[in-house]
Amino acid sequence: MPDEPSAREQTSDKSRLETFSDGVMAIAITLLVLDVRVPHPGSGQSLGHALAHQWPSYAAYATSFLVIGIIWVNHHQMFKLFAKTNYPFLMVNVLFLMVLSFIPFPTALVADALQVREGLRTATLMYGGTMFGMAVMFNVVWLYAAKDRRLLVGSVSDEAIARGTRSYRFGPILYLVITLLAFLSPYLSLSLFAAFALYWLLPSSGPG
Amino acid sequence: MPDEPSAREQTSDKSRLETFSDGVMAIAITLLVLDVRVPHPGSGQSLGHALAHQWPSYAAYATSFLVIGIIWVNHHQMFKLFAKTNYPFLMVNVLFLMVLSFIPFPTALVADALQVREGLRTATLMYGGTMFGMAVMFNVVWLYAAKDRRLLVGSVSDEAIARGTRSYRFGPILYLVITLLAFLSPYLSLSLFAAFALYWLLPSSGPG
Amino acid sequence: MPDEPSAREQTSDKSRLETFSDGVMAIAITLLVLDVRVPHPGSGQSLGHALAHQWPSYAAYATSFLVIGIIWVNHHQMFKLFAKTNYPFLMVNVLFLMVLSFIPFPTALVADALQVREGLRTATLMYGGTMFGMAVMFNVVWLYAAKDRRLLVGSVSDEAIARGTRSYRFGPILYLVITLLAFLSPYLSLSLFAAFALYWLLPSSGPG
Amino acid sequence: MPDEPSAREQTSDKSRLETFSDGVMAIAITLLVLDVRVPHPGSGQSLGHALAHQWPSYAAYATSFLVIGIIWVNHHQMFKLFAKTNYPFLMVNVLFLMVLSFIPFPTALVADALQVREGLRTATLMYGGTMFGMAVMFNVVWLYAAKDRRLLVGSVSDEAIARGTRSYRFGPILYLVITLLAFLSPYLSLSLFAAFALYWLLPSSGPG
């Protein structure tokens, strides 16, 4: 599906990219509820008990909802600094969204492993690996756009670029460490993922 | 995933927030149909009979569709009074959407309990609890934005703010009472939820 | 969830309504593919044979995709004549979308009945009933907006309004007749639904 | 559902068409993750082993995500050359989206066939057939819009039109050949589909 050549010069439609990205993020975040299943309690077990037993599904729903919500907010804040797009940047964003859209799968994996009490380390590594990939993609998107101020709006200061670069660089290291903690204890690792989701939620952690 | 600092001052892009919220609400409302399942009638039973037997699925679909539709309309009306957003407000909205996106689950739970004739009280409490959470989140969103006129457009009168605050405050009390009625009779409680969904639908209940 | 009163006068934001409606229609149309399932052929049966056996799934997918696509185009054309919205009109649209979002269910029902060769009349009546409901809702939306030119743009002529009213009135009668033909033959009825979907697709049937 | 006649002349709302198309593409791309299922390893098998065993699901997810992402970018680039829409063009786009939204099904088919090691040729033919249909629809959309410069913006040169026509024409032939290679070896055919998805991803393949 080759590209129409005469479109070569037009690179400034950031808004359709934002709409598409927002659409994908809105869908990924809403699909999370599909993995909270209606339980069918066996005989002698009440629905209340069955619902309580699947607490990991609710915790996983809430954590990943916050995570994708925070990613959306940050994508949103980052894009305010961009003035335009180009072909490779659209593709970089597709890769970003590919990692993001995958989140419901490791989320369901962790929720399931917590319930059947098996394979929790493996599930946590998958979850953490996806979070790590997400943090890497934030760097890729940012560095592609910021290199030589390629796609930035003119008013962004050099210092702001340097600060941005520093702050995104922190993500992959943090998530890699939390992920590797799963070898010590998957519960510790998962608690830290949930704690960071709650932490980013706090007003004081943002720029507001 | 830390925020890009130099975006600190830009707080006025309400429109991307609306698009994202509308996307999530549009998806949550459309996913409801996934819980209306094609029945596979056993031998000796007709498809018509099997379809009639799953009437709770249709009632649950219609009720929750109206509920989410009304929430969308109200979110829409409320946001007309806002001039801008900021970081904590984006997060408050993520929490609002987290409760909203959960609605398909207790909806399916109630529809299922009505069909298997078991666990209806528990299912109703889950449904009512979600509705209560929704009404609480309406207050949180409103109060955050209205406090010291933080995010409001300049033309909103003090009296209008006070009226808004009074009207939202009413919601959690109403939904808590209806939810607790499930201890008397889940059918009464569910009927009231459906009745209120129909009531808000009426032109006279709105500002038109 | 009562409405914020001071929003009473602002009734002109048609665009957020269009975005929400487009979102719901885009999701409903895309969910149709979820009912085309990967077959698991039994021993001695090839995948090719199993795929051929489920031809009703493909036919149902294509027909309902065209139907929702045509509904979207018509909703789109109709809304060009509207200048504003109000509270009851938002609610009328929620009802419109409630019928539309239901389409994947009777679609799956018909596809299933064609494959198991049972319950086809019942499934066709459900499908036709939904189409009939859709055509009724087109009239409700149009008549609400056109009454006393309530929501119309100023430039629409009286004659154009009368033509619109006549053309929408035709829909429910047509779909009711096709639906009732299922009592004679479900195959005839379904063929007519597919034929009309193809017919509306033709350039000559539109205003272009 | 006949069209409102007086809308006949208004043909310039390209933006609602883009929003609808972007919505459908965003949903189709995000639904792909629903076919990556949580495995339930049997006794004596670890979760890690079960996850490794379903590698075709991840490969299929990544390939089809890139494919739909690239289709979105190209749709996006093509639409920059269009100034308006008309009724038949809306319908042509519905057909385009009908093929695109189908992609999750052959994707799941191939992933499944790779895991059960049966029916891979048939599954590959279905996948390739869908890709071929996609490339055909790119031509249909382009040729409809470009014929007599029907829907193009004024500034597009004759030479650019000719180049566009030549480049789109290439797609169906390419995808037909790759599809037919499945008769020699489905693995070869699938590898080429994945390779082309990666190739189009490269900056050098685009107009940037």
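For reference, chains read A, B, C and D in written order, and residue numbers begin at 1 within each chain.
One rule holds for everything that comes next: a contact is a pair of C-beta atoms (placed from the backbone, for glycine too) under 8 Å apart; a residue touches a chain by one contact, two chains touch by 3 or more.
Computed from a prediction, not measured in an experiment: that's the story for all the values here.
Least-squares overlay of CA atoms from chain A onto chain B yields a rotation of 90° to the nearest 5.
With chains reduced to the mean position of their C-alpha atoms, the one farthest from chain C is A. As for how the two copies chain C and chain D face one another, under half of their interface residue numbers coincide. With centres defined as mean CA coordinates, chain D is found 25 Å away from chain A.
Multi-chain contact residues of chain C (touching two or more other chains): 19, 23, 27, 31, 34.
Interface of chain B with chain C (complex): residues 18-19, 22-23, 25-27, 29-34, 36, 38, 41, 46-48, 51, 61-62, 65-66, 69-74, 76-78, 80-81, 134-135, 138, 142, 156-157, 160, 163-164, 167-168, 170-171, 200-201, 203, 205-208. Interface of chain D with chain C (complex): residues 1-8, 10-11, 13, 16, 19-20, 23-24, 27-28, 31, 34, 86-91, 94-95, 97-98, 101-102, 104-105, 108-109, 112-113, 118-119, 122-123, 126.
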